[in-house]
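One structure is given below, encoded as structure tokens.
Going in written order, the chains are labelled A, B and C, and every chain counts its residues from 1.
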Amino acid sequence: MKTDWKPLMQRVSSEMIKSIVVSLWFVFLTFPLMVMKIRPLDQTIEWRWMNLVYVGVGAFFLSFVWRYLMARKERGSEKDEGDSWQKRIGMKIRSDKRISVSGLIGVGIFVLIFPFLFSSYQTSIMITALMYVMLGLGLNIVVGLAGLLDLGYVAFYAVGAYFYALMNHHFGIGFWAALPFAGGLAAVFGILLGFPVLRLKGDYLAIVTLGFGEIIRLILENWNELSYGPSGIAGISRPGFFGFEFTLQQHTVYLFYIMVALVALTTIVVSRLRNSRIGRAWIALREDEVACQAMGIDKTRTKLTAFALGATWAGFVGCIFAAKTTFINPASFTFMESAMILSIVVLGGMGSIVGVMVGALVLILLPEYLRAFSEYRMLAFGASMVIIMVFRPQGIISGIRQRYEFRKQPQQEVSP
Amino acid sequence: MTAPQPVLDVRGLIMDFGGLRALDNINIQVNSGEIVALIGPNGAGKTTFFNCITGLYEPTMGDMIIHTPGKAPVRLNRLKPNVVTENGLARTFQNIRLFQKMTVLENVMVARHCRTKSGIAGAIFRGRKTRREEQEMVEHSYRLLEKVGLDSYVNELAQELPYGAQRRLEIARALATEPILLLLDEPAAGMNPKETHELDQLITRIKEEEGVSILLIEHDMKLVMSISDRIYVLDYGQMIAQGTPREVSENRNVIKAYLGEAFDA
Amino acid sequence: MDYFLELFFGGLTRGSIYALIALGYTMVYGIIQLINFAHGEIYMIGAFTALVVASALSLLGMNGLSLLMLSGVIAMIYSAAYGFTMEKIAYKPLRDAQRLSPLISAIGMSIFLQNYVLLAQTSDFVSFPALIEEFPFMESVTIMRSSELVIVVTTAVATTLLTLFIKFTRMGKAMRAVAQDKTMAMLLGVNVNRVISATFIIGSALAAVGGVLISSHIGQINFYIGFIAGIKAFTAAVLGGIGSIPGAVIGGLVLGWTESFATGYVSSDYEDVFAFGLLVFILIFRPAGILGKTTSEKV
């Protein structure tokens, strides 16, 4: 038997040509910005020819990967078995109590001894990561469950942070007293901002929420009498513990445990909400607004609860943020912050709690530990949002719906 | 025998889209316990009529009243779609509109929303009342799925169901809102003769067991003729005929509307 | 009175730039119902390309009108190329996806391009050469600068050309057909992919024109200018009625004047708040815009 190599060779050479074309195209595309660079001082040009090579080689290989993934995606949509292994593992974990319980205990123990295993610096980074887990879970209610693309989420975060900062600054109110009200105030803002935008669909809603977010930031920047403008508010108190005096290090450990508790609480609340009457209404709204209303669900109310609840978590985290850094200014509440939280939700998996946790930990911890990589953090965020949408819109971990078991009634007729 | 008790009473309904009159002075009554069909060629305004009475469109003129036994009649004009549903009108959609990423059971449970009450606090603390309500919701939904023959699919995602099953799921979902009048928009579209036959039996069974009246839009004449008590015929937004299946099938206007002028012999 | 006229022409200039960018938004939205969130970045890339190219060319001794024209044209070519590539990578694979997917992809693209320029060039403001020279006959005029005149005239010419293109050329007709009914156009033999590509190319090139002109007028740029300008231009597009070309121009001018007079007479601290406020206001009370028509979803 003789193998016919000709079609294979043709295929290989045509793929090569495709990749070479793509590579040349990107070399052309990136030439002025990647190769040439202005030296601002003497207005001369710096030529970086090596970048040309990097782009060329990079594009050549990436185009293979791209086409391979594209082909796989198309095959996948026909057979629709793309994530069966993941589904099976998910089912296994869910159905087998031993795995899930022992896994949970393992994670729990690791988390509890974390501050003793790692340095204060690393604990502090972990606190930040946990804050983003909470923000992600909050935004997940709005975007993942209710399907409302909120690009101004950071506004509620700012409301919480400024509420605590100002209360502390003016009246000396402590963290624990401020925390619930920070969430409550953010919820009120959520309703106030949510109300007028309810009639808007998908993309318009996104832009209006973005506009709201920017307006709040600009107000904070310019209303000096209220917010002390760009210079911000300093000397905010850290969380107290029955009047104990903590060292800075102890404070970090204390805050870490607070965060762990709050994340646990958030997880319980969000997972209960997700499989409740309200949660199902949110998902139905996301899936089909018209059918949802026709099934007797009040669109306005359902959207507002999603907005308000999402905002509440942002308010909580804002309060914690102010207490952690002891200094806030409007620069912490830019659109990029909203975009980062959104990419956590998108990357992790819209609607999935575990997904959002993984997303937050990956996106916050990876750049922290790969220092060389941290410059490219936002670049990678942007790219991953595009790639995830194109190849895996459900995110790293897709949400699994609750299963119900029924026993068939024995007296049922066989068939009509 | 008592006089027929109207469930839905629509009088003088007019719907204009810009300069186009999609429905012109439509009068339709559905009586308690009846299966009424609304037929007509494509573009006759049948779905528009459904959209008007379910609150998706706001009609230009006319009255739409629903009579729930033991309650005061409710005027449906200007009510939001969800309020219409609360008042006992539930529908299915011509181009299936299920909640694709939810399970079959959840699709039905969503429709129990307006008949249940637990709120955010209930969901978070999951007290006894919430749990009981949730249990009731699951059981009620499961019973409806059994009724339409989907009980073996409860945990599948709606998008994974075969076509005919999706149509039946839409019916179960609509029933879960506890309607007194069920509106079916082309329930047999895309079904094979065997499935259509089963649907025929299903609709009759639902009418009897659930005590609902049914108004359906359908193109499958065999189905319409076999299950309807009365038929209304629409053409270009006008009501051109009404009556029993026999009366309608012998009506010259109807034949003309369906077959065109050429057959007018 | 002079102050008023100054603000008037200032607003006209701003408005023209918004209009040039808004045209890209409106065309893309008209054809594929996508808010091309990264469109502002295309404008920014146009400005940066022009900066680099103009600097290189002026080192070679080029100046005056030829420098402006050549760097402008190269900027247009590059912006168009970026727009074209962006569509192929981030939007084309998502044509049949869920409604939020393309928008999230667009936001990702926007973040990516911003940081690409930040890393490849600089995060600081860099000064942009005044490519538009002062005209001798404008010397006695105090209320308007030469560059403002050039911007307004260029916008008028570009919009007219675009309108004629869409009205009379084959591609223009195909664009209108696709905007009305994509499936139908496809059945009638219109190459929808090519039409969409052409839309991105034209919109991006127009954004580059805006980028080069305004940067030369203001005299400095950074990687972030596209974000704010993009949102404002989007506001302009929505204001005029998204999908409508004259709407984009009217929306741009209204927004330009609003900003100019509000900052001139009320307070300059809240410059951007006026624009965002207007956007929110319009979307809530008249989402169809000034020239747009309201459409209802088919059930």
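In this text, a contact is a pair of C-beta atoms (placed from the backbone, for glycine too) under 8 Å apart; a residue touches a chain by one contact, two chains touch by 3 or more.
What you see is a predicted model, and the numbers here were worked out from it, not measured in a lab.
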item: Chain whose averaged C-alpha position falls nearest the assembly-wide average; value: A
item: Of all other chains, the one whose Cα centre sits farthest from chain A; value: B
item: Approximate Å spacing (C-alpha centroids) for the pair chain B, chain C; value: 48
item: Whole-Å separation of chain centres (CA-atom averages), chain A against chain B; value: 41
item: Whole-Å gap separating chain A and chain C, where each centre is the average of the chain's CA atoms; value: 30
item: Residue list for chain C, restricted to those that touch at least two other chains; value: 299
item: Set of chain A residues in contact with two or more other chains; value: 290
item: Junction residues of chain B - those touching two or more other chains; value: 56, 93
item: Touch list for chain C against partner chain A, complex; value: 34-35, 45, 48-49, 51-53, 55-56, 59, 74, 78, 81-82, 85, 89-90, 93-94, 97-105, 107-117, 119-122, 124, 126-127, 227, 231, 234, 238, 269-270, 272-273, 276-277, 279-280, 283-284, 287, 297, 299
item: Interface residues, chain A side, partner chain B - complex; value: 269, 272-273, 276-281, 283-284, 287-288, 290-299, 305, 309, 401-404, 406, 408-409, 412, 416
item: Touch list for chain A against partner chain C, complex; value: 25, 28-30, 32-34, 36-38, 40, 43-45, 51, 70, 73, 143, 147, 149, 151, 196-197, 199-200, 202-204, 206-208, 210-212, 214-215, 218-219, 222, 290, 335-336, 339, 342-343, 346, 375-376, 378-379, 381-386, 389-390, 393
item: Chain A-touching residues of chain B, taken from the complex the two chains share; value: 54-56, 80-82, 85-86, 90-91, 93, 97-103, 105-106, 109-116, 118-120, 122-124, 126, 130, 133-134, 137-138, 142, 146, 151, 154-155, 157, 173-174, 176-177, 198, 201
